[in-house]
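In order of appearance the chains are A, B, C, D, E and F, and numbering begins at 1 in each one.
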Amino acid sequence: MATTAPVPNPEADPRVKAVFDDIRTTRKTAFINNLWHALAFSPDLLASTWAEVKALMATPSHLDPLTKEMIYIAVSVANACSYCVHSHTAAARAKGMTDAQHAELLAIIALAARTNHLANGLQVPVDPAFDAAAVRGEA
Amino acid sequence: MATTAPVPNPEADPRVKAVFDDIRTTRKTAFINNLWHALAFSPDLLASTWAEVKALMATPSHLDPLTKEMIYIAVSVANACSYCVHSHTAAARAKGMTDAQHAELLAIIALAARTNHLANGLQVPVDPAFDAAAVRGEA
Amino acid sequence: MATTAPVPNPEADPRVKAVFDDIRTTRKTAFINNLWHALAFSPDLLASTWAEVKALMATPSHLDPLTKEMIYIAVSVANACSYCVHSHTAAARAKGMTDAQHAELLAIIALAARTNHLANGLQVPVDPAFDAAAVRGEA
Amino acid sequence: MATTAPVPNPEADPRVKAVFDDIRTTRKTAFINNLWHALAFSPDLLASTWAEVKALMATPSHLDPLTKEMIYIAVSVANACSYCVHSHTAAARAKGMTDAQHAELLAIIALAARTNHLANGLQVPVDPAFDAAAVRGEA
Amino acid sequence: MATTAPVPNPEADPRVKAVFDDIRTTRKTAFINNLWHALAFSPDLLASTWAEVKALMATPSHLDPLTKEMIYIAVSVANACSYCVHSHTAAARAKGMTDAQHAELLAIIALAARTNHLANGLQVPVDPAFDAAAVRGEA
Amino acid sequence: MATTAPVPNPEADPRVKAVFDDIRTTRKTAFINNLWHALAFSPDLLASTWAEVKALMATPSHLDPLTKEMIYIAVSVANACSYCVHSHTAAARAKGMTDAQHAELLAIIALAARTNHLANGLQVPVDPAFDAAAVRGEA
């Protein structure tokens, strides 16, 4: 069950086919996961979403691929996105995340949630030392 | 302004002093940021919070210190914790985060938020391939 | 599975029957969806919830019915309420939302999430020009 | 205070100047609000963010400009983004939102939050009738 | 700064005056806090909001007044509502919340956030034993 | 389906067995719910999580056991943690929560969500009277 009806033969639309082809080429797999199938109801939304995912997640950059997946998982957990937690945990494993790293990732996410709620509950004012213009900052 | 009244002389309590001393020793600084001052109203809560922060964030482990700070920032942004975003961005900079890495961190957090909301709006069912027991998974 | 046990014959309670009757009359359908069945375990909560839904969503007002459903969907996506995303997307379609409008709604929700996370990550101070007392404001 | 240091003379970078010029032209104003100034620390992030805001919010489409701003506000409130609530409320007013519409927008956001929390508290299963493939759906 | 302009003399409107009078009588104080002043821009929204706050928070019921305030604080922290955390912590103190209870409230909120994020990160399926129709359930 | 593969015989690890034994003893039941089974993939994370749950939720303190469960439910609903809402609602029922208390708990959670969104939408500034250092505060 989803909020859009499945598109019967999505690749009949050349814009959808172009994106799906690029996903398959970029990821070196024939597998197209459900998010892209669901987005096929709007080729524009499909194309703009994939363009940004490819640019940030499938292109060499200043952060290594596994770190990027772990950041993605952290946001997805905090936003309670069940689909994204599943898909990006699978992606992180495919990029080499070990059980020990997974456990530590979850522990840090949980710790951050804990102190986020403490700080929001205490309504602690931000230290001037944390201002980006200040010389040093520590937490 | 905060939801607890400031403790006038927190280190008069030996449990508070022990935690503050450990923070100073562990971080090699005399600076104690506001969160710890606010938590001093409950030495138990202060001690248990610091114990976990120290164990996860200030101890060598399976993830490098900067990666851990970036994960922490990601959760804090998604949970809208202004204090934690400030304090952990400062901490990440102190651990060497460059402007280019900071920009990429923010871009990935924003991308994850974008697809989190798309997936939650579409209510996409999770692909069986993402099951941890399955052989491969991709996102 | 739910957190309350189903009420065997909810309309045996005249307060529940009155609400269910009003739902059927207002919506011109015999269909009572699961949320109202679940709320029937507390006739008070059922009645106060329906009264507000009816007053805001089923009464002519300053916003047209489809706009109201799209606002409702936007909040429900951000709050990760699977049930409400499903029910209000169905309601929006019943009120005429096209696929093109649905795609654009999702795109704007995703864009807002993206800039929400950017602004919270950057901790940008609010421009004085946005003060409601100021003459003009732009974003 | 923000998490990035202000860029002293941002338009000295031609990529930043190009974006700022486009913002001024598109919006017919000399005013560049703080979010864009803060994003100037990364011309790439600035350019990609503005490109999407312009494409979705400043281009004629299937939804009228005021409806789009109200959807944006709804997401921003639910995500607790203080900056975005301020900036997009100002934008909505500039596009003609009346006090009566503003009050109704807030009332619907609050109602959605209320039923989001009820549905998540009750863990109500989704009605099969809400499946996008089903003929009719009501909420 | 707020998103609505302050109403110059709000009690000139008899509907606003009636609500403000009822707040003063119910709470036995001359103090009207900012939320009600801000809501005065829409007497309807003001009246419906106060009616529900009064019915649930200022009327004897199945939960004691302090427990109700602590539940309110818990939700407000998780939703990152700075205003509500401040106002309801003040209310809880006025109803007798001690420092030890406050510390424990924050500790439980933080613990719940921690396990919420763990469970969402692990995507643990719900045990059938937790079904409300089942005889026993434990967590 | 979960993001970690099930551990075939978790109690073969003496650290896991020690935690499971303590859960059974503390709760006076043979039932170990899914969260603990899932956490068994990391005995460290399992042990530290249980230690805190036991210390806060299964030890006499300044708040009664049912109040603590209701606070836990409130946070879990706001954080959209389906698993935790189910497990702690079951726990609250086991500790005596009546249907009337459950309905009132949900009503207060929903009311808090409603005013959280109103206050965040209005961006109401915090009253100085709510400062913890001030003599009195009311909401």
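The working rule: a residue touches a chain if its C-beta (ideal position, glycine included) is under 8 Å from a C-beta of that chain, and two chains touch if they have at least 3 such contacts.
What you see is a predicted model, and the numbers here were worked out from it, not measured in a lab.
The chains in contact with subunit D and with subunit E alike are A, B, C, F. When the contact pairs of B-E are matched by residue number against A-B, B-C or D-E, over half are shared only with D-E.
Between subunit C and subunit D, the centres computed from C-alpha atoms are 18 Å apart. Computed from the mean C-alpha positions, the centre of subunit A lies at a distance of 26 Å from the centre of subunit C. Each chain gets one centre point, the mean of its Cα atoms, and the points for subunit A and subunit E are 33 Å apart.
Shown for subunit A are the residues that touch two or more other chains, namely 1-4, 45, 48-49, 52, 75, 77-82, 85-86, 89-90, 100, 105-107, 109-118, 120-123, 126, 130, 132.
Residues of subunit C that touch subunit A in their complex: 80, 85-86, 89-90, 99-100, 102-103, 106-107, 110, 117.
Touching subunit D in their complex are the following residues of subunit F: 73, 77-78, 80, 82, 85-86, 105-106, 109-118, 120-123.
Residues of subunit B that touch subunit F in their complex: 1-6, 48, 52, 55, 126, 128, 130-133. Residues 1, 3-4, 41-42, 44-45, 48-49, 75, 79-81 of subunit F touch subunit A in their complex.
Per the touch definition, subunit A reaches subunit B in the complex via residues 1-4, 27, 29, 31, 33-35, 38-39, 45, 49, 52-53, 56-57, 61-63, 67-68, 70-72, 74-84, 86-91, 93-94, 98, 100-101, 104-105, 107-109, 111-127, 129-130, 132, 136-139.
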